[in-house]
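Listed after this line are the structures, all set down as structure tokens.
You will see subunit A twice below: alongside subunit B first, and alongside subunit C after that.
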Partner chain A sequence: MSKNLAPATPPNMPVTPTIRQKGKKEKGMQRIPGQKNFWQRLKNQKALILMSLPFVIWLIVFRYIPVFGWTMAFQDYKPQNTFFEQEWVGFKHFKDLFNEPTFYRALENTLGMGILGLIFGTLAAITFALLLNELRFTKFKKLTQTISYLPHFVSWVIVANIVTTMLSVSGPVNGFLEMIGLIDTPINFMANPNMFWGIVTAAEVWKSTGWNAIIYFAAMAGTDPQLYEAAKVDGASRWRQMWHITLPSIRPVIIVLLILNIGNLINIGFEKQMLLGNNIVAERALVIDLYALNYGIGMFRYSFGTAIGIFKSVISVILILIANGFARKVGEGRVF
Partner chain B sequence: MKKRRITFFDVILLLLMIGVIIITLYPFLNILAISLNDATDTARGGIHIFPRQFTLANYQEIFGGNANLFSAFGMSVLRTVVGTLTGILASSMLAYTLSRRDFVFNAPISLILVLTMFISGGLIPEYMLIRDLGLMNNFLVYILPMLLSAFNVIVIRSFMDNIPIALTESAKIDGANDFTIFWKIIIPLSLPVIATVSLFLAVGQWNSWFDTYLYARGNANLSTLQYELMKILDNTNVSSGSVTSANAEVIARQTNPQSIQMAITIIATVPILLVYPFLQRYFVTGLTLGAVKS
Partner chain C sequence: MKKRLSILMLLLVAGLLLLAACGGDNSVDSDETDTTVTDNTTDEKPSEPVTLTFYSEDGEEKSFDDPIAQKITEATGVKLDIQYPVGGNDETIPLMIAGGEYPDLIFAKGDIGILIEAGGVLKLDDLIEERGDNIKAMYGDQLDRLRNSLDDPGIYTVGTAGVHNELLETSGTFQIQLEVLRELGYPEITTLEEFEDAISTYYEMYPEINGEPTLPLSLLGSDWRWLITVGNPAGFAGGFPDDGQWSVDTNTGETVYKFLEPEYREYFKWLNGMNAKGLLDPESFTHTYDTYISKISSGRVLSVADQDWNLTDARFALIDADMEERTYAPLPVTLGEEYVHQGLKDYGFTGGWGIAISSTTEHPELAFDFLDWMASEEAQILVNWGIEGEHYEIVDGQRVLFDEVRERMNTDANFSKETGVGYYLHPFPRWGTGAVDSNGQSITTDTREQIVEDQLDVEKEVLAEYGMELWIDWFPQQNELEISNHGAAYNFTIPAGSDIQIIQQRADDITEQRITQAILADPEDFDDLWDAMLDELEAAEVSKLNEEMTKLTQNVLELWSGNVE
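Entry: the complex of A and B
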């Protein structure tokens, strides 16, 4: 195969040297190990094997053994027993889970904050990318973009600090609302359970909009400039160009990201809820991962906690299949 | 290019973007101002982006007065340095073996690696693993579980794929073995991707707090800056002295927990501020990579 490759490459192409060398190399490689048997190649590649073996072991220990740990969900797992001494109980822990009212509250909170985050997160990122794309002043544009993704890189601990500081009774947000006369007495944002979902969503939007916009912004750069020229000739305003050209041109990207994000609706994690939550808002802050953490590790119900994890994975797969099937049905792009 | 007229639309856009910048930066500037302001004066409120009574007392407290906070800062630095070095070495070593198309185990190892992007054991089984391995309250818990990520390895490998094969071929003829080739040729040529991935690893290490919370809270020496900050945040009752230390009273006299909290926030943010503008490139690399693979 490599024999045919080299002569077939046009000699005047700038990439030719690399391709030729690659071809030559493959030929060389094939000549020596191709004739030698597997064991001889193995012997020649001792260094490569030594260099990869520790990491293969690492992958098995740190990535695959935990997956094997899923068996715990079907046992009454006791840490002092070996695997063969564990008592198998079938779906008992799943049945317990579905009979637990707290679980449904955790599910509601997870999906609630997940959906809010998905809607506002996506809208904010697309809007920001659209506006940035229209901005004329190139240097200022670059500066805005660079500043906009700063919050993505700071930890949730810092963001939670910022949010509680900004929203505190004597904080800037209350100060601003009082100044413009919207409220008379400061609002204690962090101690109101009904506001918790909104606060988490706002924090999420503040942290991730700039970063999430990068992908839409990059997609917009690929729009055919002729479309804009044609629209200008037809007298379309910049507003209409945004709406009828830029936005449709990034539609495939929007659909793909939506499908992936819907699959992750249930995987919103626990960091925000754990760091921003407190006892007063606990009933609105309890998400599935926190529930698994509290029960599984806090109360030593390891099997129960593992069952929660499996439930999450199953829901995640179902959600992504539904979203993908829906996108396929309405004739839009899809992930698979 | 002909100059286009600045329209009303452009002005509105400009104002909107200035608004975005203010909303993004104001919280950081506000916290910086409070951290540089006298603690008792801060209690009066009304600090915006400039300190009213300038002082470095809050920072002196962290770097001099409070042994716990200083040790936490040291631990944050240590785990970031060690974690980044081991992580980048592991990722690039594995990436090199996978960039070698002639490597006998290329296909199976690639499969094992890529599959980890789609499966995960979840919180509890991972916790059990760490416990069974004896990593609880051990410094290695910061290093080992984060050693590799499939995404990083793939990013580095795709960079190495583009290194002209002739370079390694000639070294081989000169008698160099695969490890020498990796160390003397591949690593120096891969520095751009190694730099970006290292920055990402460093940011991840610096920002971690949950592993401390879950696996290392039994060992005060392993506390990190992020975890100290998390503890202060967690302690809603400010007056009970949330800066956990024997000399909490001393702190209360000169500073207050809120000011200390702001100073820690700034110290934890500054390293990120210094490196993040260099990180966008990595994202773009990953993006184009994903496009090629699918």
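Entry: the complex of A and C
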């Protein structure tokens, strides 16, 4: 229902330089030069265009055509009526949405958990990739990497159960804290609203660090070994090499991923919050997607749900423009 | 620039072609459905069995080929192709409506309202009048309770709830371990005070059971079960019947969001005290259903406030582990002597949900005859008791189940699914537990004698000490309780996307969170928290909710009075 504007990469046209065919001037026919140019280039690149066509069609069918569904947000949509029988209501659903105090709470929680996840998720992934990159024993390195991204394939239902069991009053975490004498009475972690964001972030980091590190790790592998050799000759320690060679060389990757992730800040889903949450922490656990489910689709209020979807898309676009603009200002790699 | 534009045009054309292709498909589909509507069968019974598709929101994977199903096909010429929701049922009905394709029979629960609005189901009034003798006989003067609404008083569904019920068991009230009653010398427990005394005394005597800490009272407030283990028990303690989230005056139709009633405040204040005294399981609001059931199965939870059907697994586990004395006895506990427990209340036929016949079916009359036959005495005996000579025999003119059949019925969870005995009761039209056939015998297999026979030995022993035969003897009897004129408010069809629905969702969110916080708070803060919650509810327009809901109840009362044409 809610159409997420994925970080909108425009349908990339192949930009391979074309060989201009000079000296083949046509006589007698008056053609608009641009047009001729176009058909000729099209002909030259037909293989490339044919190859990219399926993806462009895919993009249009699944990313652009569904946007027509946004009209629902301005109607009182009833599934049994055709498009022309729907009743148009203007901005009614948006007004309802912005008058709802619960919605602002959901927005706060979504952005809060999104930002925490972004900061700690990125830091953890980069740190992990750096450490892994320093390992010299290849077999151990491969094994560690494989193990580290396994949690990515575990469903949130299971992760949530593991987390609640670990953190329960009689669970291992409390047992450990009591054993080392840090606390006297067990802490009921899951019943403390102030800890909820932290617990969600920690679970997220545990689950996705290994997976997210893959791309950084791959970027590091592309660094020119001569740089390290030169640094070694100059007497740089391992730390210095990490700081002055490895990190700068993956900086463009970091920036691009950051921009894309910032665009997705608001799309954090609701599985983890729904599965880990309970009535005590509900105030801190309500996120926009869950709100849209309970108050929109769950009540057959398709139009209201669509309005929320549009709102999310607008926020995403704004966030991505800000992040991209910032990257452009500081002269770093950017998305567009 | 130009280059880009042209390519975009090209893509647009490609996209349009694709769209056109999809559009073509659609039109073919709708043509098909249009032509089929007019094709009605008028035969009494087709020579070859006809397969009717049946979507049941409570359905599961099951083929229609067990012995009972075969008998049904023999008698009606109908085979069912049962469809069921896959992965959550929120979207199935809206998808049906959007696609305009319906199965022949639909059990849509509360979504029936949008189906009626979309014109997806048939009005059954004429069919009932012309050929619904069995249905008329079954519902009798409660036929009005099947009606849809004041604005549209047609009958669209039949079935689901039993007609003429006599409760022989209760569910959803406080329950206490038989062992606690035995150990304490069979005390009389009818108030919260006595209940608290009993569990705290036992807790002091046995702080550990089987080497693990004893839990005097455990609830399950971490998911939707909050409603049945936290919200509803409060109502029972306050002497209210179960009306979902509502408190209804059945004579005037005055309806109030139930947590506004002072009795609820009093109950939760008591629960708050229980928590402060360490008598409430501290994980009551955070543990998962699995953890909750495993705690109960270990025998260390002295009391619960839950529905029997939610505890079935734990009960079987306790019996398996030879801890029959750790199973539970229901208690008629209220806030004080002046309150009357409504556990045995007769809500009458509750109406509301039922099976509808879709407007696109090719066999509307056959489908109706099938439903009508299901309401007949012959069918009701078949679906309840099974086949004579195979599942039961007649001894001295009485139906008696074979021992091994009864044994399997009580212990084997797959029994009814495999044999079909007892399987085709819900959501079809059915008689209730109090109904008798033309020979004066009970239509259902749950008779007083049989419940006694099924009791565990420990249960019998404890009951005998109290001088009772069944647990319901402990409760105020059905004939002492007021009869409900509106059925039960939780069965009302609430219009989708209406103010009632939205405000109620808001109010439910508020109460589930705030009451949970209030229970776990310091007892000194309880009153402030409760008042703050009432303010919050007021801000969420709960008074408007009460007004709207009162109107709805009054409409139901008028509709059911039998004076609406």
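As a convention for this text, the second predicted complex is superposed on the first by the 264 of 336 C-alpha atoms of A that agree within 3 Å, B and C clash if a C-alpha of one lies under 4 Å from a C-alpha of the other, contacts with A are read in each partner's own complex, and residues count from 1 in each chain.
In this text, a contact is a pair of C-beta atoms (placed from the backbone, for glycine too) under 8 Å apart; a residue touches a chain by one contact, two chains touch by 3 or more.
Since we're looking at a predicted model, the values are computed, not measured.
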item	value
Touching partner for A:L150 - first (subunit B), second (subunit C), both, neither	first
Which superposed partner A:G210 touches (first subunit B, second subunit C, both, neither)	first
Partner chain in contact with A:V287 - subunit B first, subunit C second, else both or neither	neither
Contacts of A:S313 with subunit B and subunit C, given as first, second, both or neither	first
Which superposed partner A:N278 touches (first subunit B, second subunit C, both, neither)	both
Touch count on subunit A, higher of subunit B and subunit C	B
Which of subunit B and subunit C A:A218 touches, first, second, both or neither	first
Contacts of A:W239 with subunit B and subunit C, given as first, second, both or neither	first
First (subunit B), second (subunit C), both or neither touched by A:G298	second
First (subunit B), second (subunit C), both or neither touched by A:V200	neither
Touching both subunit B and subunit C, residues of subunit A	38, 41, 56, 60-61, 64-65, 79, 161, 164-165, 278-279, 297, 302
Subunit B partner contacts - residues on subunit A that touch it in the complex	18, 21-22, 25-26, 28-29, 33, 38, 41-42, 45, 47-52, 54-56, 58-70, 72, 79, 128, 131-132, 134-137, 140, 143-144, 146-155, 157-158, 160-162, 164-166, 170, 172, 175, 206, 210-211, 214-215, 218, 238-239, 271, 275, 278-279, 289, 292-293, 296-297, 302, 305-306, 308-310, 312-313
Subunit A contact footprint on subunit C (complex, rising order)	2-4, 6-7, 11, 14-15, 18-19, 90-91, 94, 97-98, 100, 114, 117-120, 221-223, 226, 282-283, 285-288, 291, 496-497, 501-502, 505-506, 509, 512-513, 516-517, 520
Touching residues (chain side subunit A, partner subunit C) in the complex	11, 13, 34-35, 37-38, 41, 53, 56-57, 60-61, 64-65, 78-80, 102, 161, 164-165, 168-169, 188, 190-191, 278-280, 282-283, 294-295, 297-302, 304
Complex interface listing, subunit B residues touching subunit A	4, 6-7, 9-10, 13-14, 16-17, 20-21, 23-28, 30-31, 34, 45-46, 48, 90, 93-94, 96-98, 100-105, 109, 112-113, 116, 119-129, 131, 133, 144-145, 147-148, 164-166, 169, 177-179, 182, 203, 206-210, 214, 226, 229-230, 233-234, 236, 261-262, 265, 268-269, 272-273, 275-277, 279-280, 283-284, 287
